[in-house]
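Chain naming follows the written order as A, B, C, D and E, and within any one chain the residues start at number 1.
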Amino acid sequence: MLEIQDLSVKYDTIRVIHGVSMNIKKGELVSLIGANGAGKSTILKAISGLIKAETGSICFLGKEITKLPSHGIVSGGIVQVPEGRQIFTRMTIEENLKLGAYLQRNKKVIAQNFERAITLFPILKERLRQLAGTLSGGEQQMLAIGRALLSNPKLLLLDEPSMGLSPLMTQQVFDTLKILKQEGITMLLVEQNAYDALEISDRTYILETGSIVMEGKSSDLIEDANVKRAYLGGD
Amino acid sequence: ACGGGEKEPAEETINIGALYNLTGGQASLDQPSYNGFKLAADQINANGGINGKLINVVSYDGKTEQTTVANNTKKMIDVDKCVVVAGLSDSNYALAAGNICQEKGIPFITSGATLPTLPDQVGDFAFLAPFGDNVQAYAAADYAFDDLGLKKCYLLTDQSMEFTKTLAHFFEERYTANGGEIVLKDNYMNKDPDFSAQIDRFIANKGGAEIIFISGVPDDAGVVVKQLRDKGVTLPIISGDGFDTPLLIEIAGDAANDTYVGTHASLDNQDPLMQDFIAAYKEAYGVAPENAFAGLGYDTMYLIADALSRASDPADPAAIRDAIAATEGLKGVTGTVTYENGSHVPTKSVTINKVEDGKFVFMKEVFLK
Amino acid sequence: MRLRDSDLFKLIIFVLLPLAVIVLCGRNSSNYYAGLINLFGINIILVASLNLVNGFSGMFSMGHAAFMAIGAYASAMLTLSAEQKMIAMPGLPEWLISLNLPFPLALLLGGTLAAATALLIGFPVLRFKGHYLSVATIGLIVIVRAVLDNEDQLTNGARGVTGLPDYASTWVIFSTAILCLFILYRLIKSAYGRGLAAMRDDDTAAQTLGIHLTVKKISAFCISAFMAGVAGGLWGHMQSVISAKFFYIDTSFKIVETSIIGGMSSLSGAVVGSFLMTFLPEFLAPLENGATFFGVRLPELYGASNLIIAVLLILIIIFRRQGIMGYSEIILESIFSRRTYSSLLKKSEYINLCIIFKNKAVGLIHLPAEVTGRLSKKFGTDHNKREEIRK
Amino acid sequence: MPTSKERIWEVIEIEEFTYFFSQLVNGLKLGSVYAMVAIGYSMVYGILRLINFAHGDIMTVGVYTILVLSTAFGMPLWATVIISVIIAVCVGLTAERVAYRPLRTAGEETTLISSLAVSIFLQNLMVMIFSPQRKAFHLPDSLSYLHSFGTVKLSTMNIITFIAVFLILLILSYIIKNTRIGMAMRACSDNMNASRLMGINITTVIVTAFAIGSGLAALSGLMLAGEYKTIDPLMGFVPGLKAFCAAVLGGIGSLSGAVLGGFVLGIAEMLFAGLMPTEITPYRDAFVFILLIVVLLIRPNGILGTKDGGRS
Amino acid sequence: MPELLTVNGLEKNFKGLKAVNGFSAKLSENQIYGLIGTNGAGKTTVINMLSGVLKPSAGSVFFRGIEITGERPDKIAKLGILRTYQNLRLFKKVSVLQNVMIGAQIDKSYSNIEAILGMTRFRQEERKLEEKALNMLELMGIEDYAKERADSLPYGAQRKLEIARILAASPKLLLLDEPAAGLNPQESLELVQRLKKIREEFELAILLIEHDMKVVMSLCEYIYAMAAGQIIAEGEPKVIREDPKVIEAYLGRAKKDA
């Protein structure tokens, strides 16, 4: 479904992604883990077209999207839950959610997704008219995920969705991801919570300073001694 | 012109600085004046120059910025070796340029600034080409009081300019000395879009004013007259050379009728000098002289040429200064210039025009003692 | 080693060369070239002091011209002769009319009055952020102008004041400019400047790190106003004519423009920006008045230089968003660091420079590896890590 | 039974009231012009936080277009207005493309310079094409016809302006609140990056805002010139500045705020000029700014502005 | 033992929403406290009030016996209460080193005049500040970034920088708002070690908001658990871990990891 080939990305003069190749098949949940600053967020930004690739190509559903503007990419069905939430702070929660469905014209689908988002995060329902900027950190994260759910994605990119969420809420989010997966939504998950990520994903890529150093089935990696030591916190 | 690569050999030409604000807020006054100035220079050159030497007009755009004006003055003198610098229609800028010329010992003639104290403030190298504000204000006051016989006046002043404030001051001085009464004084700021507040105040005043003196500049001339008439004020209006602008009639239309303007010249003056000037200007620039400043620029160039031809040494600024100071009875389109009793402000007559049926009509030439 | 890393080279380019030009042109202060150079010096003060507020502290004032005006009028009141004051400012109190101070003192007092004004209006106005502050400071210009234009007894109204003695020679202006730059530079490079930067980048975080915002804001605003006041005084005594309309919004905008073009968060930017904005228009002026180029006489096109400048401004800003100098201070570092001057005494610096020039001249021929190796060892390009960080 | 003296006082009181009233109307008249300029200004300003100093100059371009078309080609006013709106939009969009778009991710200060540069460019271009001379600007008689309402006189154009302000405010508010593009506009003004992630084409949004803003600039130019009756190449600067003040006074990003700000400025100016003793009326502009500062002290985010949503 | 910080009945209302509704706590010197709670429980709001960023609607705060309720943030900081931010508030346009130096200069003693004149005290002290800042960077393991601009750092490093910055400011009490967010388990572990070391070395107290139970349980000696603006449980880690209210509202299944 998504084919990344030999992708390199630069910030100003510094190259932070060095020839990364990845692929995601339809219906898969792939996770991408790596240390701080490895370049995970950068890859997601490149896929969404927020920064331009220096070299390499990104193909989605067989079509090259490397040069497309981000709104073109989003309308193709790639939706991101970005790092740092990026909610609309001066708009209400309701409006934030509606903006998630900006490209969606089918009212029924919108209503359905809306329903799902607010059942998943009931706090949002209580606060529909509150300005999003005044939400707590975790609440904002919920809003960001909820907003992405409204856009009916084909491929969902999640950049550390559990950041700032309580343990209970984290579980709920991961449960939701499982449900989404069952519904056939393809996902690329970036997580610091590597253990959980490995547990729910089919395959995993491990990124180190801008290059893929390992890839494989998550169930294999979770047993790998090196992986354990480097990313899962000892033993 | 000047700048890079001037080819003519130096001894053939006399460099004269034309210092004007050709862009920015002052451009509407300075550009016609500059055009008139150049026109005169071209005419003089076409007639063989001054004692065989051609005039080279050096000009830079002052951009309505004090620093640029000052720098250009210095540039004209230091780099282009101008022997005379002339121009500028606003006294703040003229003072800045004049001071520099004075310091460097180069004659400076302001073609349009009418601040009568300017030569006193600057020094012996500074001259006015037009009459001083006091003269035109006195003339207007006399005309209103004596000729029109109107003894009560409403005085409306543009408070944002030195020129208009001075004019109003002198008008009030003379008018009250004549025995007239100022029933209400009010003010506005240059380019205020709306005079209704002042007009309503005047209407509410009921002081029995018989005439209105407006001390303003061309920018506002038409608008204020039009708005006065729109509000039903039909009193005669009188003003100084700031109102000598076709805009007055273009904007106010019939409403401009019964407006008196004390100014430098009358375009419908049938004097061939005037008619030739108008024709030449039209030919050179495609439009009739925009306002009296065009004529002033034109006359200033002739004033300089006259002095240069008489100067004992046309390359010596001090000699030129003396020659200018000795100017006597030089006829121009804006009147006859004589510098009397060592004054550097010429005694010139003031022309009173009146708007009648959409035209400026010559009323009277006022000579002040 | 590259050419621009050579201390000696920096010394020549940033110190000796400008000094030579200033000395040459400044011999006669009323000369045209001196006039331009003087203007350049005054612009440096204005822009650098504005940068303190706009670039380093993250407020956005557009009201610099107001402080200039205050400084200019106040210093004029102190240097004009009693007779002049009787004519132009009869409303002044008796003692002030007869008071006549030396120019430096008058400048300082002019600056002080500007700073006092800044203090007065700073308390209410500096609570505003972003554009709200911009509007309020534009308002300050309008208010100051209204006072200057209408208090005829004190300011001679719209007529302005003439005959200011021309005390502002190139020497005075440039010593002041360099002093101002020096003070600002030292402030910026000390805890004070870092505190301002903190406030600029995140005021809440700055506060919770012990920075008193009000004190910081007001002090920066006052220092800046003080210098603008001094610059105004210099300007007045250079032009010898002052009038409220010379210190209006357009003047202020021009300072802001210059500041942004050079780089708001760099004092070197103030120098570079001022240089560009002072000399560029002069450089373009011949284009407009029908100059003859290679025998072709161009038509007169007044306004053309403004058009070109506008286009250049846009281009500069597009290609260097942070202004020409961005956040860097190489120029001032060279001017104010001891190292630069000590380079004059070191033989090795000359050798270095010679080698660099020779390399340039010969093209891209490399020195034999052993030579370069020896050189770099000898002249210590091999700093340890901490030193590296410090630089 | 009142004595004759008392009756005189009565009369004066009534007169004072009508005097105040007519000055108030003067203020509304001026205010509606300011509001008209401010509303277009605010369109762009609200979204991009761009102080578009060129707005006033685009207005000037519009006005000159009307003048040239009607004097040189004798076109009827409605046709000239349509063409002038089109030309103003083109100029606005060109400016956006050339001077603002490359700087979209740059800071507010940077774009400010770019807008100043565009303003300088347009002003000088206009000076070069049309000469710096002021020109008369006449509305057709039907529009400049004066209607009397008691002591107050208003031209047809005054009334149209007044109505137009509210009509346009209503329409634009509706668009911004309730349509997709309006929603996108608000999103962009809040967070450009996030907007892109929502699939919003921010270029379209910004271009739309510029188009609306520039078109309104041309219209407000007509109203301003109609009121003032003269035009010159530099005429846009002061109204542009006033519009900026109005927008800030009303609260950045709020259209109704901009309109309110415009009216407050206009009325304050007129009442000050009309009611204060003439010795202090020259302080009119100063007064307006002092008022502005005082209002901002009481409401630091403008009259109708809301606090930015950010929190620690 | 004298209390370091005493909080009594702290409350905060936002237009009718009671974000914090009676928070009381007593913190002693040299201890690490945890503050956990559901999302939106009011934890950040509590820290905002303690650090002076928000004014409490009711209640009082005493620091070493001095009342600091509603004091200005900079005064509170100077007393030694320093905080980090959940949503990172770095000084983005200056270097990492300078970020920390800004923290360090909280108790600089040279005056601006000395700075301008370049006097010895100024130079010595600048050097000390720099030294201190570098030490803090080393302590947090981000010294390699010292010259970079703060906003170009990866997220995790930015979090560490925030801690380094307040450590330089001679803190007595650290208020950390989710310092481990965005760190992977390995890095979180490292952070725990660092914080322990810091507590030893600087003898300070820490109040820590965190959702990562591993971090909380291995670091904190005493925990306050909040929900909907109120404290629902407090006590030692093992008590909290077993508290049914906490499990229901907050921990869920995660209890098993802890």
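In this text, a contact is a pair of C-beta atoms (placed from the backbone, for glycine too) under 8 Å apart; a residue touches a chain by one contact, two chains touch by 3 or more.
All values reported here derive from a predicted model rather than from experimental measurement.
Peer 1: Starting at chain B, figure out the least number of steps needed to reach chain E through touching chains.
Peer 2: Minimum step count, chain B to chain E: 2.
Peer 1: Compute the centre of every chain as the mean of its C-alpha atoms, then state which one is farthest from the centre of chain A.
Peer 2: B
Peer 1: Could you give the separation in Å between the centres of chain A and chain B, each centre being the mean of its C-alpha atoms?
Peer 2: The mean C-alpha positions of chain A and chain B differ by 74 Å.
Peer 1: Return the distance between the CA-based centres of chain A and chain D, expressed in whole Å.
Peer 2: Going by mean C-alpha positions, chain A sits 44 Å from chain D.
Peer 1: Between chain B and chain C, what is the separation of their C-alpha centroids in Å?
Peer 2: The mean C-alpha positions of chain B and chain C differ by 38 Å.
Peer 1: Taking the mean of the CA coordinates per chain, how far is chain C from chain E in Å?
Peer 2: 41
Peer 1: Multi-chain contacts in chain A: which residues touch at least two other chains?
Peer 2: 134 - these are the residues of chain A that touch more than one other chain.
Peer 1: Residue numbers in chain B touching 2 or more other chains?
Peer 2: Those would be 22-23, 159-160.
Peer 1: Quick one: which residues in chain E touch 2 or more of the other chains?
Peer 2: If we look for residues of chain E contacting two or more partner chains, we find 44, 53, 85, 87, 89.
Peer 1: Along chain C, where are the residues that touch chain E in the complex?
Peer 2: Residue positions touching the partner: 182-183, 186-187, 189-192, 194-195, 197-198, 200-202, 204-213, 265, 327, 386, 388-390.
Peer 1: Can you tell me which positions in chain C touch chain D when the two form their complex?
Peer 2: That would be residues 54, 60, 124-125, 127-132, 134-136, 138-140, 142-143, 145-147, 149-150, 204, 249, 253, 256-257, 260-261, 264, 301-304, 306-307, 309-311, 313-314, 317-318, 321-322 of chain C.
Peer 1: Which stretch or stretches of chain E touch chain A in the complex?
Peer 2: Its residues touching chain A are 14, 36-45, 86-87, 152-157, 178, 181-189, 211, 213-214, 249-254, 257.
Peer 1: So in the complex, which bits of chain E are touching chain C?
Peer 2: By the definition above, chain E touches chain C via 51-53, 72-74, 76-78, 82-83, 85, 89-94, 97-98, 101-103, 105-106, 108, 110, 112, 115-118, 122, 126, 129-130, 134, 146-147, 165-166, 169.
Peer 1: Okay, in this complex, where on chain C does chain B touch?
Peer 2: My answer: residues 30-33, 35-36, 39, 149-150, 152, 157-160, 162-163, 166, 235, 239-241, 243, 245-246, 250-251, 281-282, 285-286, 288-295, 300, 302-303, 305-306.
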